[in-house]
Amino acid sequence: MQQRISYLIHLADNALILGHRNSEWCGHGPVLEQDIAMSNIALDLIGQARMLYQHAATLINTYEDAGAEWLLQVRGTLAPGEPVTEDSLAYLRDVTDFSNCLLVEQPNGDWAVTITRQFFMSVFQLLLYEKLQYSRDSELAAIAAKSLKEVAYHVKWSSEWVIRLGDGTEESRRRILKAISELWPFTGELFQSASWERETGVMEDVAAGACGMEASSVAGYAVDYASLKEDWMTRVAVVFEEATLDMPAFASWHQSGGKEGRHTEYLGYILAEMQFLQRAYPGSEW
Amino acid sequence: MQQRISYLIHLADNALILGHRNSEWCGHGPVLEQDIAMSNIALDLIGQARMLYQHAATLINTYEDAGAEWLLQVRGTLAPGEPVTEDSLAYLRDVTDFSNCLLVEQPNGDWAVTITRQFFMSVFQLLLYEKLQYSRDSELAAIAAKSLKEVAYHVKWSSEWVIRLGDGTEESRRRILKAISELWPFTGELFQSASWERETGVMEDVAAGACGMEASSVAGYAVDYASLKEDWMTRVAVVFEEATLDMPAFASWHQSGGKEGRHTEYLGYILAEMQFLQRAYPGSEW
Amino acid sequence: MAATLTLEEVFQDKIDNEIRIEPKDWMPEAYRQTLIRQISQHAHSEIIGMLPEGNWITRAPSLKRKAILLAKVQDEAGHGLYLYAAAETLGISRDEMYDQLHSGKAKYSSIFNYPTLTWADIGAVGWLVDGAAIMNQVPLCRNSYGPYARAMVRVCKEESFHQRQGFESLLVLSKGSPAQKRMLQEAINRWWWPSVMMFGPSDDASPHSAQSMKWKIKRFSNDELRQKFVDICAEQVKILGCTLPDPDLKWNEATGHYDFGEINWKEFWEVVSGNGPCNKQRLDARRNAWDEGQWVRDAASAHAAKRKQRMATSAA
Amino acid sequence: MAATLTLEEVFQDKIDNEIRIEPKDWMPEAYRQTLIRQISQHAHSEIIGMLPEGNWITRAPSLKRKAILLAKVQDEAGHGLYLYAAAETLGISRDEMYDQLHSGKAKYSSIFNYPTLTWADIGAVGWLVDGAAIMNQVPLCRNSYGPYARAMVRVCKEESFHQRQGFESLLVLSKGSPAQKRMLQEAINRWWWPSVMMFGPSDDASPHSAQSMKWKIKRFSNDELRQKFVDICAEQVKILGCTLPDPDLKWNEATGHYDFGEINWKEFWEVVSGNGPCNKQRLDARRNAWDEGQWVRDAASAHAAKRKQRMATSAA
């Protein structure tokens, strides 16, 4: 159960941190309509994070023994008997307890960096949720099905911008090329399974169902990330081609560690800001 | 006693927040030697803040009834009977409890903004500490005397830079002119007494001793800020003249509110970052 | 000459009979200019108004509050869009209006030049600032210019939802810890007077009012609306267990209204003229967003042009 | 030919007799180049090393710790200064060295390409990273080039102070709350292997070592120093009530040393070649500081020139 909870929290962290980064644009976008679109995506992602955290919190409260080390710490800040909530999970864990991929915590940079980050992640989430909607965890399956519609729009929107920037002006092309070269090393991690997956049978669950029907590769409750890589490459390549951008190759080395709590230095600052009120006024209702 | 404590904390907040801003430069200065000088000034200021907070904490712990509203909140986060410390005061107050002047919380901007902010504040602190070394509060007098030497160096260093930038290149001149025009509206607050001074007799104490000897204007424990204004103008004007910069006039309106807890939006972010560990791991030793 | 008089007569006749003026109708140039000024100022206020509230999105105290706040700020951007579109029907482009904002020529509501210092400010902005705005805006739903009136109907509907949300979030604070209650009272103290000033100068100091009333761009005087606002808030603040920071506030049996203290008009005019706590910060933020977005907008147009070109070529 | 041989002989003779080489002395070009490479690399490491620790100055958990950390990072800047000055005696300017750093031509210690994620990392850097650095640097106090040796004496004195401070701050964590203990162990887990790698490749993979030994720029082999470091840390970690993240770590009675596990040299070379977690971030930070400081340096030179001019004029 602990691994299943970790998995849900990992998915939620990805959504929350990317949503947080996107929300930093609010009021500062290059075009009013795009400011609204960006807030909309942030809202979708924060909504997805909330559903996933809520589901994880329910499991935590149901299975009392579901005690990762960080959970002890979260429980320590709650009153005795007080249930864990979505907010406990978002606001009371420190940086090494967050398991989002490094990609989503990277700074917004310019519009090209933000768009590229969104595009890489949205294509990944699309493929992920497409499979997760058949998860054996019916609650997770329902969340995935609902999120899928939103993410499909994120893919469409960010693809259009990748194309505009790649096949726009010389400057926009230069900027998106720079963004791609900066963010590409963080994409490898998306397809890497974390130690808490490898060690815990999440993947075995999936493998166990792999001889079944159509949706068999997700007969467990989690998705084998590596299986998404080829599709991801194809979909990214299609958009890059229309954007007249060269598709980078995967190097043998990529940045990773986020899924296991080894983040970049940026995440700590995100959390200090995000968690301030919950930390400064513990145990309050808002 | 509450007013005396507020006064000390106000002085400490000025030093801490300016020190914090300066410390943000560490590792990012334009010249290695200046990086060191900047860290040195930050260290001096943080050191001054510590002495002032320690003195305030002693008074708070001695006079149990010294209970401003914020103090209840600080005490609430301490274990019963645990004394208030310099760290309680720096790390456990929220934004409206800080009483630093708005000038010191303004963002670093470029080197010209940082230098101008430092110069304005250091000249003020020099004049202040020159008088405070004769304060009837002997502990405060000792802190002022010690700080005076440091601040004299800050004035010298920042004056030299004002001159270099004013009488340097066209670009440096343009930048420092911009910095001056941006920061000047925050200087008026330095010479304004706060409501907690006006209402509480701090100024009366000073006035009461005003017919005495040489150091009479500080026969109380606090300084009448308004009395520093003329000297401050003169000293700034001398440096501006050497820097070939025009001295701005004081307008009838200036930015204020910091001394009474009405800050700019920047301070909240400073505190979220600065206070994170104390807030996230309450009651810990470090 | 006779024809012009007739046009003007027809125009005023429509207005007197509560018939909406539409973009293609003839209208006096002064009416057009007054509307452009007022609608664009209103649109700018929505856009600038995103900043003080946006300031707390990353720090909202719960995920639910974060989502609510983000949606609210997004709605404000939407209001900006409707209003810019309404102004465009009068023959000014959105870019021209932005230029006026960025150059300081156009104004926006001064209230947004105050900082949001704590979470309680977000609730206070919802309750007081949106409350005052609605008081001003509801009559505008019946103003004489069609596109503006229709935009205001949508705006008002959403604003009153925001105002209820704001009050509700303050209600939670009012039932919270002593620290939260203190945060609440402080926010009310800081936002009360600026909100009262949102209705603008007193009627005797408000030169355009008479003409605007005649044109039905305005339907109530500043002081009438302000009194209504004070009366309502003086009651609502009791529900929060707080007070308004006005020692002169007192129910007056004779008038059936609350008396209230002297407004600090010096502060009002200083803030209007650029000396508020955040004027520079707000305008800089918008100018930066615009300037740094230039290459993005250029890329979008360049790409659209290429696309059009390609379609034309492939069609040929 | 004979003269050159004599110069070289005199040079090596001095070295063999532990007489320091001074800037004006004749020295082989390869010796000069090796020293420039090593000293500048060391100087760059101090400067880049300010960044991961500087990352926690604004977030230090107490005012005392903040002051200690700020002073420490300031010391590192000072070390950078001594070392750049030492390298300058070999005929290279500080600006040239910066250029080499910013262009990626010059290296710096790879350890600083790892992030400092929690407060415990600051202590771990002090204990392990400064500890490993001292192990490398103490022998350098006796290296053959005078200015370098003298700089190293000052550096080592301060570094060992830093190392004690780092260990002391970890000791506080080790006696703290469960959360602090966990933070401590995690930091050790993250910093251990990178610290072990700080001694560089194994002797058989380290080509320059033999010549550097002969020139007394180097006095112990990488592996010797690494073993010494492991032996010390394996004991010290017990005082912290923690463990080193190496299942193969075991006291070996026969050798009188700790055996330890395989080093991940693939990771080492990846980080050296630019693929570490923070290589880009670190270099960007330095390049930005330098580029954005250009106008400041220009102003300072312009002003100095004006001043000189004025003095010349007034003297004439």
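Chains: A, B, C and D, in written order; residue numbering restarts at 1 for each.
Operating definition for what follows: a contact is a pair of C-beta atoms (placed from the backbone, for glycine too) under 8 Å apart; a residue touches a chain by one contact, two chains touch by 3 or more.
Chains and their UniProt names: A, B = Phenylacetate-CoA oxygenase subunit PaaI; C, D = 1,2-phenylacetyl-CoA epoxidase subunit A.
These figures come from a predicted structure and were not determined experimentally.
Colleague: Which chains sit in contact with both members of the pair subunit A and subunit C?
Modeller: Output, common partners of subunit A and subunit C: B.
Colleague: What are the mutual neighbours of subunit C and subunit D in this structure?
Modeller: Looking at subunit D and subunit C together, the chains touching each of them are A, B.
Colleague: By mean C-alpha coordinates, which chain is most distant from subunit C?
Modeller: Chain centre farthest from subunit C's centre: D.
Colleague: Suppose each chain is reduced to the average of its Cα coordinates; what separation in Å results between subunit B and subunit D?
Modeller: Computed from C-alpha means, the inter-chain centre distance equals 36 Å.
Colleague: Hey, how far is the Cα centre of subunit A from the one of subunit B, in Å?
Modeller: 43
Colleague: When you check subunit A against every other chain, which residues touch at least two of them?
Modeller: Residues 94, 268, 272-273, 276 of subunit A each touch two or more of the other chains.
Colleague: Which subunit C residues reach two or more other chains?
Modeller: Each of 59, 179 in subunit C touches at least two other chains.
Colleague: Touch graph across the chains, line, ring, star, complete or other?
Modeller: If you draw each chain as a dot and join those that touch, the picture is no line, ring, star or complete graph.
Colleague: Strictly by the criterion at the top, what is the full list of touching chain pairs?
Modeller: Chain-chain contacts present: A-B, A-C, A-D, B-C, B-D.
Colleague: Which residues of subunit B touch subunit D in the complex?
Modeller: 16, 20, 23-24, 26-36, 39-40, 42-43, 46-47, 49-50, 53, 86-87, 90-91, 110-111, 163-165, 167-169, 171-172, 175, 270, 273-274, 276-278, 281, 283-286
Colleague: Can you tell me which positions in subunit B touch subunit C when the two form their complex?
Modeller: On the subunit B side, the touching residues are 69, 72-73, 76, 94-96, 182, 185, 251, 253, 255, 257, 261-265, 267-268, 272.
Colleague: What does subunit D use to touch subunit B in their complex?
Modeller: Within the complex, subunit D contacts subunit B at residues 47, 50-51, 54, 57-67, 70-71, 73-74, 77-78, 80-81, 84, 119, 169, 172-173, 175-177, 179-180, 285, 288-290, 292-300, 302-303, 306.
Colleague: Along subunit D, where are the residues that touch subunit A in the complex?
Modeller: Checking each residue of subunit D against subunit A gives 52, 55, 59, 115-118, 178-179, 182-183, 186, 190, 270, 275, 277-278, 280-281.
Colleague: Residues of subunit A touching subunit B in their complex?
Modeller: Those in contact with subunit B are residues 94, 268-269, 271-273, 275-276, 279-280, 282.
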